[in-house]
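Consider the two complexes below, in which chain A is the common component and chain B and chain C are the respective partners.
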Partner chain A sequence: MKFLPYLLKNVARHKLRNLFTMLSIGVSLFLVTLLYAYLDFQEELGKQSADYRRLVVTHVEGLTALMPLAVVDRIRALPGVKAAMPLSWFGGLYQDDKLPFAQFATDPMQCMDVWTEYRLPPEQLLAWQQDRTGCVVGNVIAEKRGWKLGDRIVLKGTIYDCNLELTVRGIYTGPDSGDPEMLWFHYSYFDELLKARRARAAGRIGTVFVKVADEANLADVARRIDERFASSDTPLRAMTEQAFVQSFTEMVGNVQAFIQNTALAVVFALVCVAANAMAMSLRERVREVAVLKAIGFQRRTILGLVLGEAMLIALAGGIIGVGSVKLLTTFVDPSVAGIPGLTRFYVPWNSAFTGLLLAVGVGLASGVIPAVRAANLSVVDGLRRVV
Partner chain B sequence: MDKLGDGLRELVTGPDRWLNLGLLAGGFMVLALLTLAARALLRIPLKYTLRSLRARWVSSLMTLFGAALVVWASVLAFGLAAGLDHTLQVSSDPLDLLALRKGATAETSSIIEESLARQIATLPGIATNQRGQPLCSPELVVVVNKPRRTGGGHANVLVRGVTPVARELRPNFRLIAGRLPRTGLREAMTSPSMAGRFYGCRLGESLEVWGSQFRIVGLFTCGESAAESEVWTDLKVLGQTSKRPNLLSSVQLRAASPSAMAVLKDRLVNDEQFALKAVTEAEYFAEQAVAGLAIKIVGRIISFFLTIGACFAVANTMFGAVASRAREIGTLRALGFSRSNILAAFLIESLVLAMLGGLLGCLATLPLNGLSTGTANWQTFSEITFAFRFGPKVLLQGAALSVLMGLIGGMLPALRAVLMNTVEALREV
Partner chain C sequence: MHSLPAQPVVQLRHVSKEYYRDKLRIPVLADTSLDIPAGEFVAVMGPSGSGKSTLLNLCAGLDRPTTGTIVVAGQDLGELSESQLTRWRSEHLGFIFQLYNLMPVLTAFENVELPLLLTNLSRRERARHVETALRIVGLEDRMHHYPRQLSGGQEQRVAIARAIVTDPVLLLADEPTGNLDAVAAVEVLDLLAQLNAEFGKTIVMVTHDPRAARRAHRILHLEKGRFEEADIEAIERGRSSGGDGERRRSPRAPSAEIAG
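Coming up: the complex of A and B.
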C-alpha cells in the first residue's frame, strides 16, 4: 500500500500513453461487458421466473400447434394446480407500425392469480372483467404510447385474420424482471371473432400458464399434466417457466459460443496491447529500475511494483468501460438500438464484476513479461545502459 | 483442425473460390502498387519504414496481433450477417408469385383451403411445364420442435409438404444423395446442412412429425436458399399426420409473362373469390430480412468499439516509435527532408502495421467460411440455417477497418514527429 503513490506517479508519467491504454481497454471491455451482460440477463430472467412457481403447458409439437380451450379447465382440475389461464400470442400491428410489445389473449378471471407479481388496482381489474372488449396494458408501454384509461386501441391481426377493437380498462405495474410492455385482452372476445370467421384457430389456444400450489412439487404437477394428456387427441408438454424462457434463447442459436469466442479474441488482443505499452514504459526506465535494485529493493518488490502498475492501468480502463456501460444501460432505453426483444435489458451486477475482474486479469497478464524482465535485470547492465 | 481443413478446402474448391483467391491476389497487388506509388512520392525510402518496424519487432508484432484479432472478430460478425442475407436472398424467377392468406406475414401463419388452390391452378396466365401442367404448387408448412445435434437445445424446424411441381418452381433444386420421397409414403428429404444440424435428419434416419416417423430418403441443395433450412415431404401425407387435411399454407406459381403476372396478382388480391395476399418472393423475403437485423446491429457494434480500441493501440505503438526515434527524426530534418516527407513516412509505417494485422485477421477467418449455423427467424417462428460467408465485400470491410486503424492511430504520433523542434530533437538522448 505504501507504494501506491509511487505507482500513481509512474502511471502519471506517461499520461498520453497510459490514457490510450486505458481507453483501449475501456472501449473493449465496454463491449465485452455488454455481450456478457446479454447472457447473464437472459439467465437472470429465467432464474427469477423460478420463484413464481409456474408451469407453461404447450402442445408437444411446440408453440405453433394449438390446443383446444377445454384443456385449461381439465388442467385446473388436477391436484396441485392453484390457477390456470390460457395465453395466446396475438402478434398484431398497432397503427400499422410494428411495435415490440406483446399482446396476449387470456382469462381475466384467472390472470392475476397466475401472474401474482403484477399489480392491478382491484377496481380496474373489475372493470376489465366486466368489459368483454376491455384490455389491460403495462405502465411503461402506456406511458410510451400515451394511453389512458378509456382509450381505444385497434390491433390489426397478422397471424389471425381478425382485428381487435379494445378499450383500456386497466394499467398494471410489475417488478423489474417483469415485462411492463404487455397488453392483455379477453380470450372470449378474440374467440368470438375467430368463430365468426370460422377460422381454424377458433376455440384453440397456444399455451396454458399454470400456477402451482405452494405445497405441491413443480415437477410432480408437470408430470401429472403430461400423463393426463399423453394418450389424448392433443398430447401436451408441461415445463417450468424457466425452461420456457430458455427455449426462446435456444432458438436464437448458438449465441453463447459466438459471444464467448469474440470476448476471448478481444481479451487476448487487449493483453497484447497493454503488454506492449507496459514494455515500452519499462524500456525507458531501465536505469531507474537498476537504481531501485542498487539501493536495496528486492526482486519480489520490483516484480510487484511493475505488476501493480500494469493492473492499476488496466483497472482504470475497466472502470471506464464497465462504468459507462452500466450507466448507459441504466439511463438509456435499450430498445432505441432497434434490437427486438431487448426492451427490458439491463447489465446485471455480476456481469459488471466479471468485466472488472477481466480488466485486472488483463493487467496481470500484460505485466508479467515486463515485470519478470525488470526483476531479473542485472544492476550493472541497467546502470550502464544508455537509452 | 477438421474445420480448418474443411475451410481451406472450401476456400479453394468452394463456389466462391475464384472470388476469394482473386481477392487475395488483388489485395497483394494493391499493396504492391501502393508501395510503388509511395516510393515515387516519398523521398524517405520504404526500406527505412520497414526496417524501423523490424527494429522494434516485439512491439510491432504485439500491435499487429492486436489489430489482427480486432479485424478477425469484426469480419466474423460481418460474415455472419452476410451469410444470413445470402440465404434470404431470392434465387427464384422474377415471375414467381406467392399467394398467402390476406394479412399473413409468413407462410407459417397462413391458411388456404385446398379447393381454393385448385381454382388458382385453373387461372389463365400461369406458365406450364413440358407436360402442359400449370406451374402452380400448393404447399403446407408445419413447424416442429427438434433437438440440435450441435450446440445443444431445441429449435423449430420447418417441414414442408409439397407436390412434384414444387421442384420445378425452384430452379436451383438438386438432389445430391438418395432419392426423392415417394408420393403417399412417410418419406422426406432435407439438405446436407440440416442433416448435420438436427437429430433425425441424416439419410436413413427418421424424423418424428406429430407422432409419425418420416424416413429421410434424400438430400438436396437449393442454391443456398432458405429451402435448405427445411424438410420436404409429400403434401397429402403431411396434411394427414399434422391434422390439417385439405389445408395449405401457400400457393406458389409462375406467371407466363410480366403482364400475365400483373393480371394474376390483381385477380388473387381483388377477386372476392380469392381475396388473398400475393407477393413476389423478393417481397416475401424482404419482410423476413428482420431476422438478420439483430445480427447485423450486433456486428456493427462489435466492429465499431473494437476499431476504436485498436486505434488507441496503434497510436500507442507509434507514439513509442516517435519518442524513441526523436534524434533520428531531428537528423532527417537536418538532412533536409521536409515535414510532409516525415509525416508520410510515419503514416505509412502505421498503415503497414495495421494492414498487415488486417490481412492476418482476414486470413484467419477463412477457415470458418462455409461453416453452417442457425438462428431463429421470428417471422416464420422456425430456425433458418445459414453459413458464414466471407465474400469479397466482407473481406474488403475488414481491410477498410484496418486502413482506418492505421490512419487514425498513426495521425497523432506522425503529427508529433513533424512538429518536433529540430534542434531540441537532435539534443535529445
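Coming up: the complex of A and C.
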C-alpha cells in the first residue's frame, strides 16, 4: 500500500496516453461484458424457472415442428401433471412497431395455474376467460404503451396470415425475474382465425407448458411424457424450463462458443494495446528504474511496481467499461436494441465481476513483459542510457 | 547515525575489470588495490574512460570485478547474491548522480522518502527521517515542490537528501557538480564537506573539476585503470592553458597501488 501513491503518480504521468489506453480497454470490456452477460442472463433465467416446477414440451424435432392441440389434454391426463397449457408465439406487429414483442396464444383456463409466479386479479382473470378476443398484458408493457382495461389492441400477423383484434381484459404483475412485457390471448380465437384461412398451422401448437405437482417428480413426469408419445405420429420431448431456455439460446447457433471466441480475440487485442503502451512508458523510464534498483529496490519490487501500474490502468478501463454496461442495462429499456424477444435484460453481478477480473487479467498480461524487462535491467546500462 | 567501523570502509584488493564488446576485450581496471578509511572524503579524478565510474559501480556492487575482492563496510561483496547486494546497498550506500535522477512525478519529500519505503518504518517515522534529511540539505521549505519547480542545485540537494536519508556508511557521488553552475556547485560541495565533517560520512566522489577535488582529503588519479597520486596544481595548470590537465600527472607519484 505504501507504494500506491507512487503507482498512481506514474499512472497520471502520461495522462492522454493512459486515458486512451483506459478507454480502449473500457470500450472493449463494455462489449465483452455485454456478450457474457447475455449468456449469464439466460442461465439465470433458467435457474429461476427451475423453482416453478415446470416442463416444456416440444415436438421431438424442435420448436419449428408443430404439435396437434390434442396433446395438451393427453399430457394433462398423465399422473403427476397439475396443469398444462398450449403456448404459441404469434409475432404480430402493433401499430408502427418494427419488431414484435412477446405475444402468446394460450389457454386462459390453465394459464394462471401454470404460470403461478404471475398475479392477475380474479375479476380480470374471469373477464379474460369469458371474452374470446380478450387478452392480458404485463404491467410494464401496459404502462409503456398506455394500455388500460378495455383498450383495443390490433396485432398484425407477420408469421401467420391473420390479424388479431384484442381487448385488454387484465393486467398481470410478476416477480423481478419474470417478464412483465408479454401479451396472452385465447388460443381458441387464434385457431379460429387460422381455420377460417385454412392455414396449415390450424389446430397445431408450438409448445406445451406443464406444471408438475411435485418437484421430485419433474424427471418422472418428463420421462412419462416422452414415453407416452414416443410411438405416436407426434413424438414429443419434455424438458425442464431451464433446459428449454438454454436450448432456445442455442437455436441462434453455438452462441457460447461464438461469444467466447469473440471475447478471446478482443482480450488478445487489448493485451497487445495495453502492453505496447506500458512498454513505451517503461522505455522512457529506463534511468528511473535503474536509479530505483541502485538505491535498493529489489527485482520483485520493480516487477510488482510495473505490474501494479499496468493493472491499475487496466482496472480503471474495466471500471469504465463494466460500470457503463451495468448502468446502461439498468436504466435503459433493452427493447431499444431491436433484438426480437429481448424485452428485458440486465447484467448479472457475476458477469460484472468477470468483466473486472478480465480487466485485471489484461493488466497482468500486458505488464508481464515490460515488468520482467525492467526487473532484469542492468543498473549500469540503465544509468548510462540517455532517454 | 552509524558508528564508524574500525577497518577501512572500502577495501579493494587486486581488483581488475574487463568488458567485452563483441569479441573485443576492454580492460578498465588493472590489478588495483585501495583502502579508504572511515570518515575520509576521497576524490577520484581521471580522463574519460579511465575507469572512474567503473570503480564507483564496483564499490556499490552494481558491477562485479573480473578478479580481486571488494570489501565495503566489512562486507565482501563477492559473497552476496544479486538480491542480497540490492538489500545491502539500500542499507549501507547513498548515491549521488551527476544528473540528480529524481523521479519527476514525485515531490522532493516523496523522492527522499523512496529508499525508506523499503524499510519497516511507519509513515510517521518515515516523515520524520525525510524532514531531517531535507533540513540538513536546507530544503525543508521546498519539500512539496516537484523537481521541475527546483533549480539544478536544489535538485542535487534533494538527491543528496535521498542519499543520506537511510543514514548510510558510504556516499558515492558520480560528478555531483558536473551539471551545476559555479554557485550551486559550491553549495553542493559545502554540503558534502559538512556531511563528511559533521556526520562522519565516508565519501567517494568522482569529478573532473579540480576545484571540487580540492575539497576532498585525498585525491586519487585514475589513468588507464591504475591509481596514481594526483598533482592537482598540474591539473589546474593544464586546464588554464587549455590542455587536458587531468592527463598531466605528477611524475613524483608513479605508484600503481595506493593501498594502506
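Quick note on the criterion: the second predicted complex is superposed on the first by the 338 of 387 C-alpha atoms of A that agree within 3 Å, B and C clash if a C-alpha of one lies under 4 Å from a C-alpha of the other, contacts with A are read in each partner's own complex, and residues count from 1 in each chain.
In this text, a residue touches a chain if its C-beta (ideal position, glycine included) is under 8 Å from a C-beta of that chain, and two chains touch if they have at least 3 such contacts.
What you see is a predicted model; the values in this text were computed from it and never measured.
In the superposition on chain A, A:Leu292 makes contact with chain C only, not with chain B. In the overlay built on the shared chain, the residue A:Leu377 is in contact with neither chain B nor chain C. Applying the stated contact rule after C-alpha superposition, one finds that A:Ala275 touches chain B and leaves chain C untouched.
Of the two partner chains placed by the overlay, only chain B lies in contact with A:Asp161; chain C stays clear of it.
If you count the residues of chain A touched by chain B and by chain C, you find the higher number for B.
Of the two partner chains placed by superposition, only chain C is touched by A:Ala12; chain B is not. Of the two partner chains placed by superposition, A:Leu305 touches none, neither chain B nor chain C. Look at A:Thr21: by the touch rule set out above, it reaches chain B but stays clear of chain C. Contact residues on chain A toward chain C in their complex (touch as defined above): 2-3, 5-6, 9-10, 12-13, 287-288, 291-299, 301, 379-380, 383.
The touching residues of chain B, when paired with chain A in their complex, are 58-59, 62-63, 65-66, 69-70, 72-73, 76-77, 80, 101-105, 108-109, 111, 142-145, 148, 150-156, 210-211, 242, 247, 290, 293-294, 297-298, 301-302, 305-306, 308-310, 312-313, 315-317, 319-320, 323, 373-376, 378, 381, 383, 429.
Of all residues in chain A, only 16-17, 20-21, 23-25, 27-28, 30-31, 34-35, 61-65, 91, 156-161, 199-200, 235, 246-254, 257-258, 261-262, 265-266, 268-270, 272-273, 275-277, 279-280, 284, 337-341, 386-387 touch chain B in the complex they form.
Chain C makes touch with chain A in their complex at residues 57, 60, 62-63, 82-83, 86-87, 89-91, 95, 97, 99, 101, 103-106, 110, 114-115, 117-118, 123, 162.
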